[in-house]
Amino acid sequence: MQEQLMEKIMEEVMKKVKETKINEENTEENSITIENKECGITEFVGTAIGDTIGLVIANVDYNLHEFMKLDKKFRSIGIIGGRTGAGPQIMAADEAVKATNTEIIAIELPRDTKGGAGHGSLIIFGAEDVSDARRAVEVALDELGRTFGDVYANEAGHLEFQYTARASYACNKAFKAPIGKAFGLIVGAPAAIGVLMADTAVKAANVEVIGYASPGNGTSFTNEAILFISGDSGAVRQSLIAAREIGKPLLEALGGKAPSLTQPYI
Amino acid sequence: MQEQLMEKIMEEVMKKVKETKINEENTEENSITIENKECGITEFVGTAIGDTIGLVIANVDYNLHEFMKLDKKFRSIGIIGGRTGAGPQIMAADEAVKATNTEIIAIELPRDTKGGAGHGSLIIFGAEDVSDARRAVEVALDELGRTFGDVYANEAGHLEFQYTARASYACNKAFKAPIGKAFGLIVGAPAAIGVLMADTAVKAANVEVIGYASPGNGTSFTNEAILFISGDSGAVRQSLIAAREIGKPLLEALGGKAPSLTQPYI
Amino acid sequence: MQEQLMEKIMEEVMKKVKETKINEENTEENSITIENKECGITEFVGTAIGDTIGLVIANVDYNLHEFMKLDKKFRSIGIIGGRTGAGPQIMAADEAVKATNTEIIAIELPRDTKGGAGHGSLIIFGAEDVSDARRAVEVALDELGRTFGDVYANEAGHLEFQYTARASYACNKAFKAPIGKAFGLIVGAPAAIGVLMADTAVKAANVEVIGYASPGNGTSFTNEAILFISGDSGAVRQSLIAAREIGKPLLEALGGKAPSLTQPYI
């Protein structure tokens, strides 16, 4: 009987140990879903996926304006910046400038993603009034859940697809996207996958290539190949979908299941 | 009774499993505290926090001098370099040049921190005599425990504050700090936090802004915004403290508790 | 008796928990050994160590040629790219161009290694026929097991040594190695270790220094110091071995055992 008891106990224990582990992993996972914590600082707006933080400054210091190379007509600035992701934050900022009385005054792309293959981001909105700056940051943080939807990642790398029917000033500043036209972004990491996706995308539909970036050209030394396309809205989507269809099995051959970080939107 | 026994056992087991885990984590943690191991190589001086290693070369090869672009008047060099941290190593080197008959001949900043958001470092001291080079490296390694004191980090990023009442040649070479004057350094990662801290710092006291660096300007594509300040010693400290007071709750809103890596000194 | 039972159970449980852990770690480990999975995509050739993927494109899109700055005489391209490693992939590509009717048309080096201190890689072979491009990729993937042999790594950094008796076009393009001559590559990370290895290497034998790269010069901001040497085959090997003999104990003083990722070949 002691043997049986032993066995039963071992079984229970291993189950419990496993559960604890899964719970811990879930907790970690949660750290990249949308959050909104209080922190008692006036300038704090919120946080979101990708270790993204949103902040505002009502009156930027006069001296700092110069050192930061900001146009002095903007007294107030909104700031969003994340460790993981540049595309998602830029697309979110694009919606924010459409929805508010602000301008994009800086987009800078660190080599980040917390050990991943891509960029992080620092985006600054300019506004004459702090309430506009705050609103832009709020809109951008809210959009991030969506714009991370076509980011697919595993241990080996990531894929990213972005689409807008009507590009605005953030897409224009960051990607030279023609304003008002449909725009698409295709990112593959490691870069080899991005190269193949780029070729697939341009063959899949009649789109205009706006740009191409790679580890040594147009990125901050990320391990990504990136294609920027514009054109008819249907064609852009068709291109993106074709690229995704070839990219996903490739990334998964390299590193196993590569799920969406949130919910695909394209 | 068997039920009760089961329960008691499960409780004990989970306690034990947890303990083992904590011990393992502590062991990992220890790997970033100050160490000093022997390795039987004459050129080895020691190791320190941040995966920092200290080395000396008594007579640098003549050909290499040229390729490394070193001034040939320095026969001996001291080398410190770490995976994690640039500010701490530069401040430590600053103390080392004050204390020894050496010069700073190179400071290079890789994009590193082992998956973190910042820089690593490679600093080379020049000396006519190897004992001077060795002494400089020893002083620098010893200082690192202190200069990592105002580095605060969690999973989402890090903050760094440095202060010296009298900047010397390392701070001058790396940050253009005026020699002999009080100097302060403020780093926030992700960069968004650094932008807000920079604004807070310049508003908090009458300090002179020497420079500002960001992911696309003056960093090696790190996810940091960095402010360099100089001025009256009290004002510089006041600036640093104000920046720290706003930066810490922000970083903690993003990623939880962000403790000092050693002991705060400012 | 209950006490004894408890003790015995705890012992068994902890053993089992430990085993599960080791198994999990082994599974992770396996993800960096050579693999070759199917994925149902025509352009897919295979995968290998370092999260390296090999692909081919039979007819590169005409527009993309321009954006990728590829010579239009190459209709077909072969692509290899990895998250971890540049030297190993370049040396493997060097063997591939020797063995096939292809040319190296691009070598780009992201700042990668998945949180490590070095580069990743993107290498593009040009061919007039897709079967040549595919063959080059196959040869390169096959070579990677060997060319990762003198890569030694631990938590603190890595060392890399490469040797070829007869450098070909990949080594020439990436490192300016004279074609047809013996060539050697010495990499140390953190960079401080690379500096000392470089000095040791040039003193150990009569080799010609072709180049030297460091975090701020000639790398993509990696935390590496790199020496490129050429000359008599015996001298190059002697240099490499001397560098390895001093580098390994240094890296191990910093981060513990630093085993070869596969099997040393030099």
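A, B and C label the chains in the order they appear, each numbered from 1.
We adopt the following convention: a contact is a pair of C-beta atoms (placed from the backbone, for glycine too) under 8 Å apart; a residue touches a chain by one contact, two chains touch by 3 or more.
What you see is a predicted model, and the numbers here were worked out from it, not measured in a lab.
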Copies chain B, chain C: same or different interface, half of numbers shared as the threshold? different
Rotation angle (°) superposing Cα atoms of chain A on chain C, nearest 5: 120
Measure off the straight-line distance from the CA centroid of chain B to the CA centroid of chain C, and report it in whole Å. 29
Where chain C touches two or more other chains simultaneously, the residues are 9, 13, 17, 111, 114-115, 221
In the complex, chain A residues that touch chain C: 2, 6, 9-10, 13-14, 17, 111, 114-117, 155-157, 190-193, 195-196, 198-199, 202-203, 209, 211-212, 214-217, 219, 221-225, 246, 249-250, 252-255
Of all residues in chain A, those that touch chain B in their complex: 5, 8-9, 12-13, 16-17, 20, 31, 37-41, 43-44, 47, 51-55, 57, 60-61, 63-64, 67-69, 79-83, 108-112, 114-115, 120, 122, 124, 220-221
